[in-house]
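The structures considered in this document are given below.
In what comes next, subunit A is part of two complexes: it sits with subunit B in the first one and with subunit C in the second one.
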Partner chain A sequence: MWKTVLRRILLMIPQIIILSLLVFFVAKLMPGDPFSGKINPQTDPKTIEALKHQLGLYDPPLVQYGHWIQNIFKGDFGQSYTYNRPVLGLIGERAANTFWLGLLTAVLTYAVAIPLGLIAGKNEGKWPDRVIAFYNFVINSVPPFAIYLIFLILFSFILKIFPSTGTVSASAHGFVQIFFSRIYHMILPAIAMMLSGTTAIVQYLRSGIIDNTKEDYVRTARAKGVPEKVIFRKHILRNAFLPIASSLGGTITGLLSGAIVAESIFSYPGMGQLFLQSVNSRDYSVMITLTLLFGILTLLGNLLSDIIMSIVDPRIRIQ
Partner chain B sequence: MIKLKKILSAGVTLLAATMMVACGSSNSSSSSSSSSTKNTDTNSAKVTFKTDSKKGDSKGGDLKVAEINDTPFSANWLPEIQTSAIDEHIMKWASEGLFKTDDNFNIQDGGPANIKFDDKAKTATITINPKLKWSDGKKVIAKDLEYSYEIIGNKDTESERYNDQYENIEGMKEYHEGKAKTISGITYPKGEDGDSIVLHFKEIKTGMDVSGNGWYSENAEPYHYLKDVAFKDLQASKQNKVAPLFFGPYKVKHIVSGQSVTFEPNKEYYRGEPKLDSVTVSIVNPATLSQQIKAHKFDIIEVRPSNWKSVKNTSGYNYLGVKPMAYSYLGFRVGSLDRVKNVNTENPKAKMGNQNLRQAMAYAMNVDQVVDKFSNGLGYRDTTLIPTAFGEFHDSKAKGFPYDPAKAKKLLDDAGYKMGKDGYRTDPDGKDLTITFSAMSGKPEQQAIVNNYIQKWKDVGLRVKLLNGKLTEFNSFYDNLKKTNQGNIDVFMAAWSLSSEPSAAASMWSSNQPMNFARFSSKTNDKLIRDVQSQASATNHDHFVKSMIKWQDNMNKEAYIVPLDRAYNVYAVNKKVENYSRKLAFDDYYNVGLSK
Partner chain C sequence: MDKEKDNVLLEIEHLHTAFRINGKFYNAVDDCSLTLRKNEIYAIVGESGCGKSTLATSIVGLLDPLNSKVKGSIKYRGQELVGLNADEYDKIRGEDIGMIFQDPLSALNPLMRVGDQITEALYYHTKDSEAERKKKALELLKRVGIPDPEGTFRRYPHELSGGMRQRIIISIAVACSPEIIIADEPTTALDVTIQAQIIDLLKDIQKEKESGIIFITHDLGVVAEIADRVGVMYAGQLVEIGSVFDIFEDPKHPYTRSLLNSIPQAGELGDRLHVIQGNVPPLSEMKRSGCRFAPRIPWIPASAHEENPSYHQVGDGHYVLCTCYQTFHFQEEK
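What follows is the complex of A and B.
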């Protein structure tokens, strides 16, 4: 199997090169440039022109692409035009914020969704199943941004339990205070994102359990007198988890790609918010680095999912 | 505080507006639909505001200030390389300008430094207040004043502040181009460690005694603290981004990247220790603005017009407001720009070259109605291109272009734009006339406003179509305007924020300005601008004022640029806050206090 994994990784190289070309040239095709927004009667257009030349924005696109790739191999992803600092440091800072929020959200999501799915699946058609189905129905029909806004208004402004903005309080000092302040700031967005993340998992797990209960091998095990607990754990649950496992790779890499809408609403400076801003202000270096990163994360996520599947499901083999 | 930065570009502001929408601001309430649409021709807002908070001498307390933006701040704290108005607003608690001003931005003695002009010798002498120290306790010296010019002038810093105006200082151009190691036009009468520098100008210019004039730097930078940082590394350096050094009343205690800055008193401040124990400025998402105010989370927080209705009755706040130095305008695109000579030339055959047509379009627009409907009472129609915030420089007698469709029709009839059977007029040669209009997307109400204007133009018989049938995204919009040829735009709607020095607000419309997006060239206009910039204006205040008034009258007559509307800048300020003001020239953060 590992040979195949290696081959898949090697195959990713041309994919990434094509992706980088696409990302770079499509970004350049967008109207405007990082200086479009900087018009002001006191700023001399000549100064702006000179700066654009200095920064190589007038070089032929292929030359610019060449420079960009060359610098990437030196570990230099360029400077952000908006923040006037190296892209890598900027993304690193935001990635850390996004990662911890993503991790908390993922942990909460599984911690809530799995028990709900189990209960619903085990009690098919009974009242707990119906309550959970109702929950799923409601959450699934409300768009996530509405949930975020409701949470923000309810818990932050009306009940004033949680902060409405940022990752850490301005008055927090020292490791312990900052640590708890960070968690405190993450709880509200994490719970809000968790809600909309649970529905699919609950549904998969519920139907997985119900379907597997009717499988031949379960009936066989029952006929052989295997204890019901063992049947559930070994035969039903393990198979019911397969669809969830198949999306696990994406979930893991998704920890880094952030959530554009949630981060904007909760003013949480993570990758999603940075991406949106870089597109709006034509901050090319940040925009293309992030797009490339998201692309690579998706490719890796798919590979990871396949590997996980092959481990948990002996019927699947990566060829 | 650097008044020059007060102008920070319309672009930045507009960009912020664009982004606000991009994020789905939930608070752009539709409450406007309930407001009346009655037809008035008043030219002022329905409300008036106080500019100042109460007086007092309370000591202590922690002040919480909100800075409205939907993205983190970029943290360029050095004024010379700052590009964002947000950064500037946040840092003004620590970064004080060199010169004290009155309410009209006239520079006065008694601040951190004094400036004295010698019209004959064409010099200015800047003398540092002997008590002035950086917040690390080191004295502010002559070299610190000069270093600001090096940062602006050196190409490696990529400063956007450098422009033609700085080349009026002897030797600045040579320094900028790398031909000279030092700026020959800046000398030290008492040495680099002394208390003064002399600036040698090629000419004394109009408005040099008004803050924000742009002819010299109004900042100093701590040379001892920055000298080890190469110019090319300055932007990304910790001295710029993490631990900047200033001489203002507060100093940076700690920065949460992109989110908040906490200030503590600067014990070395030249007027003594300020009153508050701490000031925390935090970035707040515009989508949550109304709720932040209702929850009293901040002591000082901006109110946007779309939020005004929902928050104006919140108790505990004083609402301070001021008319900004900014306007939006309708521009008629009539020529092209020669980039090499930097000259705009009007195309004699331009569709909008007819003065009657331009005036008619202006009179046909019902700006007052639009303001009434969409600004929640905070907006007003501007009557000239010098907003009232400029005091005596604003022509208070001017009426601008109040809604008058009859007059518009007459102007068109007189100029030979005959009404056809389809309800639209033809041009004087009898050909079909279709006018292409470009407006920026961004504000949620923009489409409705644009449709209203197009309908009003139709009412007087003008066929106006939106460029590509829709609003144009911010970046494309300005890319189109910056083009040197006329392109396919006949009319456009844009906005400017202005510097606090009035002559710049006039000279930006001369035919040799690339930012003259109308690309018009009028001999009368150029002559009037030359008068504004003349030595007579530079040395005689009355002449300056009169020349500005004449210029405004002519601009309204020629109507290449038609002033539209603007809204009050309103801030909710906790009633406990003392000695704070929203006056445009306010810079006295030292005295701001918080009562118990």
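What follows is the complex of A and C.
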């Protein structure tokens, strides 16, 4: 199996090359340049032109791409025009913030979605199921950015329970204080992101339980005289969890795309916020590197899904 | 007399099983009575939708309690099964009554090793240790003709063929040596050569354990091969009951005769196959009075049928429902 995993990883290389080409040229196709709207109107246009030449913005795109790839192999992902510092260090800082936010969101999502799915599936058609269906309906109907805005306005500005910006308060000292201050800063965006993450899992689990209860092998277990509680735990639940296990890898993609919007709205300095900023300011090297990184993470997520599936479902074997 | 009583394993009397369709209950099994004795294979034969599987599931209490109702009496060695709760039924299912299902592809849990699915039955009905359970399971696998018991014990269902899986299901059903085995179309999903093997296996196991088998099927060929007694079922009723010889040599009820007439015969090349007109009516549209087979033999005058069909004894242990059998002839016979 691990040989296959290695082969899959090697197969990612052409995928990543195609992705890099696509990302690079689409980025260059965008109107405007890093100087649009950023420079004092009194600046001599000749100075700007000189700067553009210096940055290689007038070279043919293919040459620019070649330079970029060459530099990557030297470990240089370029400079952020906006922040005036190497891209790699900048992203590294932000990636840690996004990682912790993503982890907290994922933990919260499963902690909420699994009990809800269990309750809904076990009480098909009864009032708990209907209440949960209503919750799913509402959350699914409201676009995530609206949920984030409502949360921000309600909890940060009106109720003033949670901070509206940052990752840690300046007054926090020592490990414990900083740890809790970080969580305190993450909790609002994490809960807001969690809400939209739960609906699919709840629905998968609910229908998994309902469908599997009607399966023939459950009838076989009943005919063996296995008590109903054991049938639920040992037979139905394990099968009902399969689709959730397979969606685990996909949550990485979901969390990243959620982070782009959520971090911007909650002014949380992570990769998502950085990405949106870099797009708006045509900060090419940051934008391209982040898109590539998101792409690679998505590919890895898919691979992770396949590995998880092959572990939990004996019918699926990677070979 | 006592010996006779000892021999009776299962006594079903006036069984009615109803399903809820759009809020109303309709009987899928309508007043069925039968007696299963030790060492006996009782075949129940009929078209799809006649209620034979419902009858089987009623016996083991595996119907959805919310959408079905069971009335009448099912006695296992004198113990009433109708009205038992799930816990009480769990003690009987698997231990006293084993069940074999139609589709071996879906009747096993895809995520569990087959060995564990066999020992699971033993776990709830015996006090055996894990090692003893495994030993028994291996013996069972060998008994049902699995070539490599040790290896198969550790396999998952998808790694086995349909015939092998049906053997596994049989080994689960007989794991605790139940006195009664209910086989619901156990050979329908298998190809003919495997069918024959499975039937032989069931017959051998039945002889060995002296158990009684209720064998549900729509295949008259299988009935002829396996059954001692036969109940022919139509629209929820047993229209004719008799020994396998009665049914095949001296069929009485128009439905039984039509069924037998529909079997293709070798040597009658070019002849049109006999077809029974119409279909088994859907549950909600079935007429509840008079002879239920009457609409499918419209050339027989209404006066030939009874208004309230009753059983008529036509031989030793041979019963027919309704009087229409006396004047019945096939349409082409005139």
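Following the convention adopted for this analysis, the second predicted complex is superposed on the first by the 306 of 319 C-alpha atoms of A that agree within 3 Å, B and C clash if a C-alpha of one lies under 4 Å from a C-alpha of the other, contacts with A are read in each partner's own complex, and residues count from 1 in each chain.
Here is the rule we go by: a contact is a pair of C-beta atoms (placed from the backbone, for glycine too) under 8 Å apart; a residue touches a chain by one contact, two chains touch by 3 or more.
Remember, it's a predicted structure, so these values are computed and weren't measured experimentally.
When both complexes are overlaid on subunit A, subunit B and subunit C end up sitting side by side without clashing. Once the two structures are overlaid, the count of subunit A residues touched is higher for B than for its counterpart among subunit B and subunit C. Once chain A of one complex is fitted onto chain A of the other, the partner contacts of A:Thr109 are absent, as it touches neither subunit B nor subunit C.
When the two structures are aligned on the shared chain, A:Val226 is found in touch with subunit C, with no touch to subunit B.
Looking at the shared chain after the overlay, A:Thr251 reaches neither subunit B nor subunit C. When the shared chain is aligned, no partner comes close enough to touch A:Asn136: not subunit B, not subunit C.
Using the contact criterion defined above for the overlaid structures, shared-chain residue A:Leu276 touches subunit B, although it does not reach subunit C. When the two structures are aligned on the shared chain, A:Asp44 is found in touch with subunit B, with no touch to subunit C.
In the superposition on chain A, A:Ser196 contacts neither subunit B nor subunit C.
With chain A fitted onto itself, subunit B and subunit C come no nearer than 47 Å, counting C-alpha atoms only.
No residue of subunit A lies in contact with both subunit B in one complex and subunit C in the other. Within the complex, the subunit A residues that touch subunit C are 215-217, 219-228, 234-235, 238-239, 242, 312-315.
By the touch rule above, subunit C contacts subunit A in their complex via residues 60, 62, 86-87, 89-95, 98-99, 101, 103, 106-112, 117, 120-121, 124-125, 156, 158, 169, 172-173, 175. By the touch criterion given at the top, residues 30-33, 36-48, 50-51, 54-55, 79, 82-86, 93, 145, 149, 152-153, 156-157, 160, 164-168, 170-171, 173, 261, 264-265, 267, 269, 273, 276-277, 280-282 of subunit A touch subunit B in their complex.
Taken in their complex, subunit B has these residues touching subunit A: 4, 7-12, 14-15, 18-19, 22-24, 26, 70-72, 74-76, 81, 83-84, 155, 158, 160-164, 214, 235-236, 240-241, 254, 256-262, 280, 282-285, 287-288, 291-292, 294-295, 297, 473-476, 478-479, 482, 496-499, 504-505, 508, 513-515.
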